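Below is one structure, written out as structure tokens; comments come after it.
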Amino acid sequence: MTAASGRAFDGAAPSRSLSNYGVVGFRVELLRLIVAMAILGLIVAFYLGDTFTLNILATTFLFAGLATAWNIIGGLGGQFSLGHSVFFAIGAYVTAGFYMRLGVSPWFALAPAAVLAAIVSALVSFPVFRLRGPFFAIATMALTEVVLSLALYFESVTGGARGISVPFRRGFANMIFTDRLSYALLMMGFLAITLLVLAYIARSRLGYELRAIRDNDRTAEAAGINVVRTKLIGMAISAALMAIGGGLYMMYVRVADPPTLLSLFDIGVKVALITLIGGIGTIYGPLLGALLVVPLESMLRATLGGVFPGSNLVVLGIILILTALYLRKGIAGAAEGIYTRIRKGRRT
Amino acid sequence: MKLTRRSFGGLAIGTAAATLVNRNAWAADPIKIGAVNPYSGAMAQYGDEVTKCYELAAKVVNEKGGLLGRQVEIVRGSATSPQEAIAAVEQLVGRDKVDMLTGCYVSAISNAASEAALNYGKLFWETNALAISLTDRGLPNFARSGPSSNEFALRSVQAVLELIAPSIKKTAPDITVWIEHEDSSYGTSIKDEQVRLLKEKGVKYSVGSHSAKAIDVTDSILRAKDAKPDVWISTAYVPDTNLLLRAARDQGFKPSAIVLVGVGDTPETLSALGKEYLEGVLLVSYPRPDINPKYGPGASGFLDLYRKSYNRDPIAPQGLTAFVGLKMLFDAINAAKSIEFEAIIAGAKTLDKPVGSYETGYGVKFDKNMQNTRALPVVAQWQGGAVKAVFPPEALSEGVKVVNLPRQS
Amino acid sequence: MTALLNILAIGLLLGGIYALVSLGLNLIFGVIRIVNFAQGEFVMLGMYGALSASLAMGMDPYLSPVVVMPAMFILGCIVYRFILRPLQGEPMMQIFATFGLLMVIENGILGLTGGIGQNVSSFISSVSVRIGPIQIGLPRILVLVLASVATAALWWCLRYTLRGKAIRAVAQDRKAARLMGIDVEQIFMLSFGLGAAFAGLAGCLLAPLYTLSPQIGMNFIMPAFAVVVLGGLGSVPGAFVGGIIVGLTEALSGFYLDPALKHAVLFMVFIIVLVLRPAGLFGVSGAEEVGLREQS
């Protein structure tokens, strides 16, 4: 984003321990990652027989992974994209297309999906990256609208408004399972991969360059960073991961139409929102955000959804506003604040 | 009241006794039916209406002593997207322990929910969703009691050939049709079948599509106006249908006949356009409660029940089809004497009632894909601010005839 | 020829709708630089305001701005004071808060109305006027005329009144404005309130054209952003011209290409203009960054 907003996000984290990736090495991070996954695994194990909760966990992990993917360009790079649903949709369509038309197993179809999304993201981002801040965000929103119209129009590619539905043929090779546990584990795997990529990038030259651009793109350029190239690479990686998520979503829901896949609010805004709630630019922020938002959303829908039309979303909206007001640095930021306070308390 | 040990004991015994009596009265736990529908978002209105009518059907059967000696209870599960549909099924089956599922007013939701239901070996009884692909899947736990998009397309083409063509003194190849549709799943499914049927009959047609989100649809109307069609058929949702009709009125687009498919038959359209403009507009719609009682026996009874329960008139005829759909499900369960999905599907297959057996004028006979072949929408017409069924001829109430065709104005 | 004239007229009238809807957003996005997702919902609230006034007092929708605009102004001030002002300096959190607001308003109205489509009619609702070979509905002409009047009035106020000058000063450079002794906070609240009030006005004037549903606001929000950015942030005449351009683009591509593709064309044009000239057609080059740099 712009210099101002970039400052706004790290300015209030005095110790910068969570956002200062240089302090811990990649090995330590790997250890943390394994611990995080183990905790998630324990949660899954705890709810083994409860398919209702397992399904919520599967969705949670999927969105945690998507938000983590978004965080690469949105958090590290500060490019507030609201158009990531485009890459999500590419992933879904390519995976379904390869599987249904060519009989390629979805496991392998994820690769071309990721590659195509990376290429498309580079092509569309190249001009749009000239824009900053809200202008970039609005342009990516407009992009979603363009792609949605085209997806509805070109029926031969996308199945048009009726969408595509993948026939139910259970089996590991088809990535179609009857139990929710398999999906929860599948999505957890996806989450682990995105976290690994993010953790690695955060420590790489690319990560530092992205952060330099976020904090001040002109200074970064003056320091010899190729700003456009760096942003494009960040975007391509983010888009590729997003597409993999889209492919998994497709095999999980098995029916998708353009308004669902390219939903501005259910995908494009939501991944950004989850990241913001969790803590933008941090490694585990998106996961924390998803752990809060997705189950909350599901529980509200299950308890209030049928009672009074729209009531679940009114409550969710109020919670979002309150979160924005009282958790400005996200959960990660708040946790860090408490941590620092405790440490300071001990010292004095 | 001060709660002493004695009074507490009395209370406890009383409660226990009451529970016992209740147990006896109900004989067993109720049969729980999960109703998957959108209760928020753009489709909430009809989703809620459809489920309200499930609840009425349950009320009716409960007053008659229930089903297989058990009471019927409807449990709601909210879903506005396929992903939420899966979550709703997990909630209904996993948490609320329902015995079977029903729904739904949106095809994409039905698609995802019925597959999720199959995971648990639960029946998914579809009453309202239209997409033909739903029954083409051949899912073993799936049946559709109401019409599909094909029946709606069929009726609209019948309206063109059997109602409109004679009135403007033209025969099949000379009549020209403009097919306008919304770029949604619902709009395109019906459009495809309309195109297929018209082609078969050698009728000349043009197709136009528009987005339901459009701020203005005058361009669509101008294109249609340029084509000078005899008949203008539109398949869209409520707000865009009204917008199209307003643009047609403003632009002086006056085809000999206007046919609205699926919507346009509610007070929402009446108050938007006024009864003068709507006079004679044809509607392919779900059968309404005021249908000829010989064609739809008991429809007025439904209307009374609805008014008594909700203190207003039904907001859309989708509700009656949902009500009838659930009655068919109860018939299937009674035939099966079981609530297992294989048995119910087998029970449903044995049902064989002629057209005109239910409140909507539907009969019941399932084909091999478990699509009810005897559920057909009717063609109705706006007449003096009210909607009257005008086709098939049996559905006509006494004294009703087709008016203002071709349109004069 | 007639067809072209006709579609140009349609585009112009549609442009009037867009210009009207964008007036308020232009103040909010142009001056305070808040990406207000809920702006479409403000328009929707204006529509339901006209409906309530008509139901409760039998008021014609064209008179209802008298009641609706002050109410929306107060709502706007409250929203700004209690939700957006505390989030100053955190533009992303602001986006996020307005998104929460959107959900609350949309679903609140859904809960209240049950989602049933509502219509507001005026005595001129169904009047259609013929000018030469072209036929147009009177309510649409009225929208274009009143959009022009409102634009001119707003432009005049910003140009010649002290408060208006202060708003422009803040839009151009809030730091310098503060140094000049302008109460920037108050100007922000005023701008947001006015932005909401103008959305209310748009809602009242558009109510007779549409069938009201809680989701209708969403249909306006994306084109409105396109209009404001195209015209140039904070430029009142710019937003008007931007509205007309968007309207014409949509109508022409809808008629000559395909109505199903008009959104694709519209937003493609928008992206291209945005990339070539981020300041918009009427904005001062570089203005799109001023005010974003300094959020405190």
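Letters A, B and C mark the chains as written, and numbering starts fresh at 1 in each.
Note that contacts are C-beta pairs under 8 Å (C-beta built on N, C-alpha and C of every residue); 3 or more make two chains touch, one makes a residue touch a chain.
What you see is a predicted model; the values in this text were computed from it and never measured.
K.L.:
Which other chains touch chain A while also touching chain C?
P.N.:
Where chain A and chain C share a partner, that partner set is B.
K.L.:
Counting only C-alpha atoms to place each centre, which chain is farthest from chain A?
P.N.:
B
K.L.:
How many Å are there between the centre of chain A and the centre of chain C, using C-alpha atoms for each centre?
P.N.:
Distance between chain centres: 31 Å.
K.L.:
Taking the mean of the CA coordinates per chain, how far is chain A from chain B in Å?
P.N.:
38
K.L.:
So which bits of chain C are touching at least two other chains?
P.N.:
107, 110, 114-115, 258, 260, 262-263
K.L.:
So which bits of chain A are touching at least two other chains?
P.N.:
In chain A, residues 149, 152-153, 309-311, 313 touch at least two other chains, as defined above.
K.L.:
Where in chain B do residues touch two or more of the other chains?
P.N.:
Answer for chain B, listing residues that touch two or more other chains: 40-41, 44-45, 48, 183, 211.
K.L.:
Going by the contact rule at the top, pick out the chain B residues touching chain C in the complex.
P.N.:
Touching chain C: residues 40-42, 44-45, 48, 183, 208-211, 213-220, 222-223, 226, 238-239, 242-243, 246, 249-252, 266, 268-269, 271-272, 274, 277, 315 of chain B.
K.L.:
Tell me, which parts of chain A touch chain C in their complex?
P.N.:
1-5, 8-9, 80, 127-128, 130-135, 137-139, 141-143, 145-146, 148-150, 152-153, 265, 269, 272-273, 276-277, 280, 308-311, 313-314, 316-321, 323-325, 328
K.L.:
Okay, in this complex, where on chain C does chain A touch?
P.N.:
29, 33, 35, 83, 86-87, 89-97, 99-104, 106-108, 110-111, 114-115, 214, 222, 225-226, 229, 258, 260-264, 267-268, 270-271, 274-275, 278, 288-289, 292-295
K.L.:
Report the residues of chain C in contact with chain B in the complex, numbered from low to high.
P.N.:
3, 6-7, 10, 14, 17-18, 107, 110, 114-119, 121, 126, 128, 135-137, 140, 209-211, 213, 215-216, 218-220, 223, 250-251, 254-255, 258-260, 262-263
K.L.:
In their complex, what parts of chain B are in touch with chain A?
P.N.:
Interface residues on the chain B side: 35, 39-41, 44-45, 48, 51, 75-78, 81-84, 86-88, 90-91, 93-95, 107-108, 111-112, 115, 118-120, 131, 133, 137, 139, 183-185, 187-189, 211.
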